[in-house]
Structures are given as C-alpha cells and as structure tokens.
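Letters A, B, C, D, E and F mark the chains in the order given here, with residues in each chain numbered from 1 onward.
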Amino acid sequence: MERENDLTHFNSDGRAHMVEVSEKEDTFRRAAARGSISMSTPTIELIKEGGVKKGDVLGVAQIAGILGAKQTSNIIPMCHQLMLTGVNLSFEILEDKILIESQVKMYGKTGVEMEALVAVSVAAMTIYDMCKAVDKSMVIGDIRLIYKTGGKSGTYIREGEGIEY
Amino acid sequence: MERENDLTHFNSDGRAHMVEVSEKEDTFRRAAARGSISMSTPTIELIKEGGVKKGDVLGVAQIAGILGAKQTSNIIPMCHQLMLTGVNLSFEILEDKILIESQVKMYGKTGVEMEALVAVSVAAMTIYDMCKAVDKSMVIGDIRLIYKTGGKSGTYIREGEGIEY
Amino acid sequence: MERENDLTHFNSDGRAHMVEVSEKEDTFRRAAARGSISMSTPTIELIKEGGVKKGDVLGVAQIAGILGAKQTSNIIPMCHQLMLTGVNLSFEILEDKILIESQVKMYGKTGVEMEALVAVSVAAMTIYDMCKAVDKSMVIGDIRLIYKTGGKSGTYIREGEGIEY
Amino acid sequence: MERENDLTHFNSDGRAHMVEVSEKEDTFRRAAARGSISMSTPTIELIKEGGVKKGDVLGVAQIAGILGAKQTSNIIPMCHQLMLTGVNLSFEILEDKILIESQVKMYGKTGVEMEALVAVSVAAMTIYDMCKAVDKSMVIGDIRLIYKTGGKSGTYIREGEGIEY
Amino acid sequence: MERENDLTHFNSDGRAHMVEVSEKEDTFRRAAARGSISMSTPTIELIKEGGVKKGDVLGVAQIAGILGAKQTSNIIPMCHQLMLTGVNLSFEILEDKILIESQVKMYGKTGVEMEALVAVSVAAMTIYDMCKAVDKSMVIGDIRLIYKTGGKSGTYIREGEGIEY
Amino acid sequence: MERENDLTHFNSDGRAHMVEVSEKEDTFRRAAARGSISMSTPTIELIKEGGVKKGDVLGVAQIAGILGAKQTSNIIPMCHQLMLTGVNLSFEILEDKILIESQVKMYGKTGVEMEALVAVSVAAMTIYDMCKAVDKSMVIGDIRLIYKTGGKSGTYIREGEGIEY
C-alpha cells in the first residue's frame, strides 16, 4: 500500500513538520545503536595508556554522548522532546578501532532511536577531537540502529548483530 | 620527539582541559568533511521524489547541519567557542547512498575541523530521522576530514579524495 | 472579583516566579497563532521564484519555527517545560505580505499558547533574515493567538478569524 | 543589475547556507528595532501597578530580550555567531499598547539587525506570557528595523521614525 | 550493606551513566535549597537602593535562577530531563549578606534536588555579576539542600534549619 | 566620587542592560576562582576509591565545569558572549572537603571572572549530584574570585590566598 512508504515528516504542503503523536500510547521504549572510529595503532595505544596515566579519552566521550542524547530534539529538527529515563554507553578497544555502543531507555510516546544514534555519534566525534592533534585520518563509521522496542511498530532487531537486550 | 605524540587535551593531573590557545595567531582557516548514509534503493527514490513533490529531506538536513556546526562547542566538550564566517553543505544522491560534504570557514585561533565533522554527522542523522519510518537499516559511515588549512600545523589533505579547495 | 485580574506570574514578594501547576489535570491541548510579514512586491516575487529555482525561504522558516517552539521554555522566562506532541506551520503568500500560521498540540498540564506564538514569530524573523539583503523595510505584525483548547480555562477563540480546528 | 536582487542565503544548489563573511572588514555596527504589543486598558493598568506593587512585567521582558539577542544565531538558522558588545531595551507605556525599542552594538564582520529584532520580539512575547491569564487578545505588531550602521552596505534609516542614534 | 554506599552514577565499566529510572513511580516531589552571598555593607546598601531607584538586582537574579533550574539537565551531566511544575526564589537582605532560598516542585520519577541547588547557585552568581564592578571580594557560600520530599527515599530534612514546607 | 560606586548593569530607566564595551581595548585576560564542597569522610573515601575502581567523580565534574564556563553568557543574564581561549580545573581532596580551583583565559574586551566562578560552581554541583545518593548533607561554599588580570581595572588579587599566577 502506497501510504506505508510515505515519509511521515512532511505535511500536506510538502514541508517538514513535527508529526503529531498525542494519540500514541505511552510504552516502555528502548533503543541501542553502534558505531566505530578507526585509527592508527599508535593512536589506539595512546588512548589505552591515557586511560591510566594521562587522561581518560573514553570517559570524556561517555559524558559527551550522554549530554548529546539529552540534546537530541534541539539537534535533529523534527525530533520530539523526550524525558529519557536512562542512557549508557560502552566502548571496546580493538587493535585499530574503538567500538561504541549506546543504550537509551524511556517510558513515553515516541521511540528513542535518534537519541541512541546521537549518543554514539557525539561520543565518536569527541574521541576524534581529543586525538586529532596526533591523527587526523581517523574515520567514524558504521553508525547504525541495533534494536528498538516499544510502540506500535514493535520490535526491530538488526540482522547479524550479536546483541543482548 | 615523544611530546609531539601527546594527547594535548589533558592537563598535568591527567584530566581533560580546554587547551590554552591565546598565543596562537589569527589566520584564515577552512575545513571540509565528508560522510555518507547508505539506504535501500526505494528509500533513495522516496527522497528524490520528495525533493520535488512531498518534501525536501536534504533541505532539512542542510539546515540541521548548519545549526549543528554552530553548536559544536556545546556538543564536543573540549572544543573552543568559535565565530564561523561561513558554513555550507552539499549532497550527492547515488543509487544506494547519499554523499554529504561540508565546508566551514573562519578567521581565528583554532581550526574548524570539528565543526565540519559535526555538520556532516548531524545532516546524516537528520536524513535518518526523516526516513526511519520506512527504513531503519540505514547506516551512517565514512565520516572523515577531507582537508584543513590555516594555523601553525598548516594544511592537511586526506589522500585519495578528489577535492577542490 | 479582584483576584481574577491578578498577574499570576508574580509571587508574594512581587517578583516573577514559575507558577505551580502540578495539581492541574493533564488534558489534550491545542493552540494556533497567526502573524504576517509585509514586504515589497519584488521581494515577494523573489521568494516565490526561490521556492522553485534558488532556494526555499519558507522551508527554512518552517524548520526555524518548529525548533523555536521546542525552545520556548528557554526563551520565555516563566514558561513551563513541555513535551510537544506536534508542531506544524503553514504559509500563504499574498501580493505584499506572507501570512504565517502555526498549530501546536500537546497532552499535559499547561497550555501551548506561547509555543504557537514563538513558532510564528521565529518563522517571520527567519523570512526577514533571508530577505534582508534586498529589503530592510519589511514589517512583522499581527502576531496573535487564534485559539486554544484544553485545560481548566477551556476554549478561547479569537473573534473574526476564519478558523478550522 | 540582476545579481543585486539575489537572496544571498542560498548556495548554487538552491539550498540555504551561512554566507561566507571572512573577507568583510570589522567595523563598529549598531542596529535598533521597534515593535509594540496592543492590549486592553485594564491590562495596561495592571502592568503599570505591577511595576510598583506586584511585579515588574517589563523588567522580566527586558531580561528575556537581552538573553534572546544573545541566542539569535541558535534561533535564526542562517545567522552568524556574534559577540555583542552591548544590548539595551526601553519601553513606553501608552493607553492601549506598550512600545518596545531595542539597541544592539557590536564590533565585527556582520550586522546586528536580527539581534535587534529578536530582542524586541522576545520582549513582546514575554509581556504576552505574563499577562495572558487576564488577556488573551493582545496583538504583537509593527516589529521593524529602525536603523543600522556599519559595514559595506552602510547606514539604513527607516523613514518616518523619530530616532536619535 | 555495602551496596547502599555505592555511587549509583557509575556503570559496570566504572564510567558515568544516567541512572535508569523508568521503573520508579511518579510521585509529587519538592525540594528547597538555600545559600548566601556575603558582601560589604556599602554593596548591600547599593542593592537595597537599587531595588527602588536604579535597578532591581534581585529581580534579575530571580529570573536567572528560574531559567537556570530549567537548564539543570544540560548543566549537570548525569541529571535527568524533568518538567518542573513550579519554581520560586526568595531573598532576605541582611547587614552583610543576602540569603537566597529556592523552592522547586514537580510530579515525576526523580527528585528535584539539583534543580533547587542550581537555582540558588545561579541566582547568587547573577548577584555577583551585577555588583562586581564595585566589589570583587563577595563570597558565595553555604549552598545546601534544605529538604526534599517524594520518591522511594522519602523525605529528607536538613537538621537545624527553620523551615516551613 | 559617587559615580564610581554605581551598579553599571542598569540603564537610565533603572532596568538591567548589557553594558556597552565596544570601546574597551582587547587585552589578555585571566581569572581564577576557588570553592569547596564539604562532605562526610566516608563520602570522601568513596570518591577517592571511585577514581580508581568505580568511576571518576572529579573527571565528570571537570568536564561539567568546562562546559559550564562556555555557557556563562546564557546562564548569567548580563554577561557578554566571549570566546575563551583556555579553561582548566583542579581538585584537591582533603579529609572532609574537596577544594576546587578554576583558571580561565581569554584575549578580548571584558573580564572572565564570571566564567571562572561558573566553572567552580558547576563542578561543585556535579560532585553533589554524583554523590547525593549516599550523602545529602554536603555543603557547597567559599566560592570566590582569587585573581583577575587584564583590562582597564587592572589586576585584582584576593588577600590571603596562596596563589601562583
């Protein structure tokens, strides 16, 4: 059916609007997103040492990601204002990249997918910022939604991700 | 020399600080960044039509990217406040992805690399937000600095990018 | 009765406060506002063409109005923080002015009149900003509440407006 | 010449951008704007008394206008970030309306017209907010630029305004 | 029991997170905080006169405190976003200091202690700002929670404070 | 002379304004502030351990203080927008309190005293937030300017502080 494919963020004039959701039911909603930032092995080593000796790059990225998630409705124009009930991030340091995962929770009327994506994206950019003096060639990538639960559209689980939720 | 490799964003206690730059000279500075968002061909088609008939997804993304660039110092904790003199974004629609490029300019004491990366990242997430009702599997990727000019560290040009600057 | 006429935003010291509303009931609330920006006919023509050829002034104004509505409690000091469930704007281009209308919806404890007024006002100022290089004499005017529904004070409909709600 | 009439806020793709101004010279810049909010005589009386006995509506409006002026580049999408050097507002209470005037000053590369308009507009909406419990029919109007000085385009003085600058 | 003493704001990796509260019940919550700013007697005199003749320092501080309370979740990284239902501040001018008290109310899932502390702290700093041209030696102190009610942890009343709540 | 004692933040109507500073010269400016947060010894112990085992309370406070300093002109109504060139914080853990010191630098037209005070105050409140689950009786105090340099009013050094600047 054609309507199913519509981009819901446009009004009858073809201009963007913030979709009316007052009739949606309040449900418990969760979303997780993942992404990565690739970098040279020496930069990875600096971050690892930093966590111990010189400064905790990932600690700063974590806080930036949480603050970013709370700012989502100001950063992404058509996002609804939400009161998140929980935000967490975790990092895994591989040989040439850092994996980032966010988990966002809320009880309310719309999903928190964008909040999860913003948390990962801001965390990745913060890592870039803190390491760019030694490595400008880092690449942020693979930012994607891993799962979402709650709401009328139900649960989405991205294929091929090892997830626990 | 070892000091060259230090992460400059940490103070002598090993905690993050905003690096002192008052002695840096004011120079004209530019940076460009690129990234992409991959999606299914039907979603690409919806965006293309939308530009004409139902709504301009990329127009919203463009504005979000510009506003995001101006918010960089609030989003990325250790970034300096800057007065950008120009911000632009451009998009290229391929068969299964949209390429995004930002260009940021300023006359001042620190580089605008982060502003360029934030512009691309926020534009990509805005596209995700506006299309997520029809496609949750989109992936944001390859967010990278293309070049920067100005300042003591001079010009950086990423290898292998076809650029005009 | 005298109390009815009190300005409720002042406390017993005569200083401004944010009125306590926790005992108000949650109801579905709507508000619409209208306003206009007057300009010369050539400027009107530029905007009309722009929508097709050079750039969509009203598209930018629309997004600014929606983002502005979400920022109302930061812009207007005594406004409560609200989670809007929907925001829309529409424009009508006349010969020498552009009419702007906003519609805001929410389920909650206080009305959304201010959000509707902010949306119209910010949209009008954005149009001014984007056209001021060619016309500095534009005038923003007639910004007014058209109707509000919901809450203990019930429905208000401004006289003499052709409205559908 | 046709170019003179172009809306400068659009790039070659016809999308909005933040105009590059780094080559503009730093000059001392000033702008003033005016506007009004019309209301019933009893509401005017309440505000007048309030200034003495119950609360200073115009004092709150003044602060809101100054904070709003500083937020202009976040509220109006294509505005440059500026460091204002001075902002002032003044009010005149007539029988059925309040006149609002803002004055904004800065030394820099772009004009402060929008900051002056935002200050007046936010002050007017704050007055509306603080009085709306007693009068919902107030109308905000006649928001206009009175003069601007500085920059390549020089001085603009709106005709028919009694101004001292 | 050891767990009782844990700092709840850290996740299993030892990094900060925003504590998940979705299972907490919505209750009516209140908090009050107090603090003071000490200054020389002549500065106190200037503020007292100012309220009448030259400007209302405490009126500006009051508005800043209310706006600050609404910004708490952006200022304090791990704070949840809340929709406050009421905020009030009051001041008492002594011979060599000004006492500040805030009262914050809300119906929701987490306490409003931080909002009350931010209101007092921002009000005190605003007083400092407005008087610093005549007195740089003012000291802000004794910022403390007076009571909180609501939620699972129940009521907290600070000893030795004369309170009415 | 009487004028010397005036509160400069009020205009001729007795209302607050943002003082005009465009004629002030650009000079290198520094400010430092200090404050403390008192708490029970067990809470101090938790923070000390946390830095190693469970989470770095002071690391979060540091970032919050830096972000807060950059937001000063939005938090304190009459503050000018500034582009800080450097912000740092340091902490000293005593037996029953934590001492906080901020250092802020900038090249520009107005002093950075308020930015230094905001950094300390926000850092202290962040410590409160992260420890309040175990100790609600903490008191934030002694927030004061230690020194400022630069500008027409020259250098201020608070008596009795052991400072290095």
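Throughout what follows, contacts are C-beta pairs under 8 Å (C-beta built on N, C-alpha and C of every residue); 3 or more make two chains touch, one makes a residue touch a chain.
Nothing here was measured: the structure is a model prediction, and the numbers come from that model.
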Any chain in contact with subunit B as well as subunit E: A, C, D, F
Looking at C-alpha means, what's the farthest chain from subunit C? F
Same or different interface residues for subunit D and subunit E, judged by whether over half of the residue numbers are used by both? same
Roughly how far is subunit D from subunit F, centre to centre by C-alpha average, rounded to an integer in Å? 31
What is the distance in Å between the mean C-alpha positions of subunit A and subunit B? 16
Going through subunit F residue by residue, note those that touch at least 2 other chains and give them in order. 11, 15-16, 56, 59-60, 63-64, 67, 71, 74, 77-78, 82-83
Identify every two-chain combination in which the chains touch. A-B, A-C, A-E, A-F, B-C, B-D, B-F, C-D, C-E, D-E, D-F, E-F
Touching subunit B in the complex, subunit C uses residues 56, 59-60, 63-64, 67
So, in the complex, the side of subunit A touching subunit E is made of residues 28, 58-59, 62-63, 66-67, 70-71, 82-91, 105-107
Across the complex, what residues on subunit E touch subunit A? 11, 13, 15-22, 73-74, 77-78, 80-83, 108-109
Contact residues on subunit D for subunit C in the complex? 4-11, 14-16, 35, 42, 46-47, 50, 53-57, 59-60, 63-64, 67-68, 71, 74-79, 113-114, 117-118, 121-122, 124-126, 128-134, 136-145, 148, 156, 158
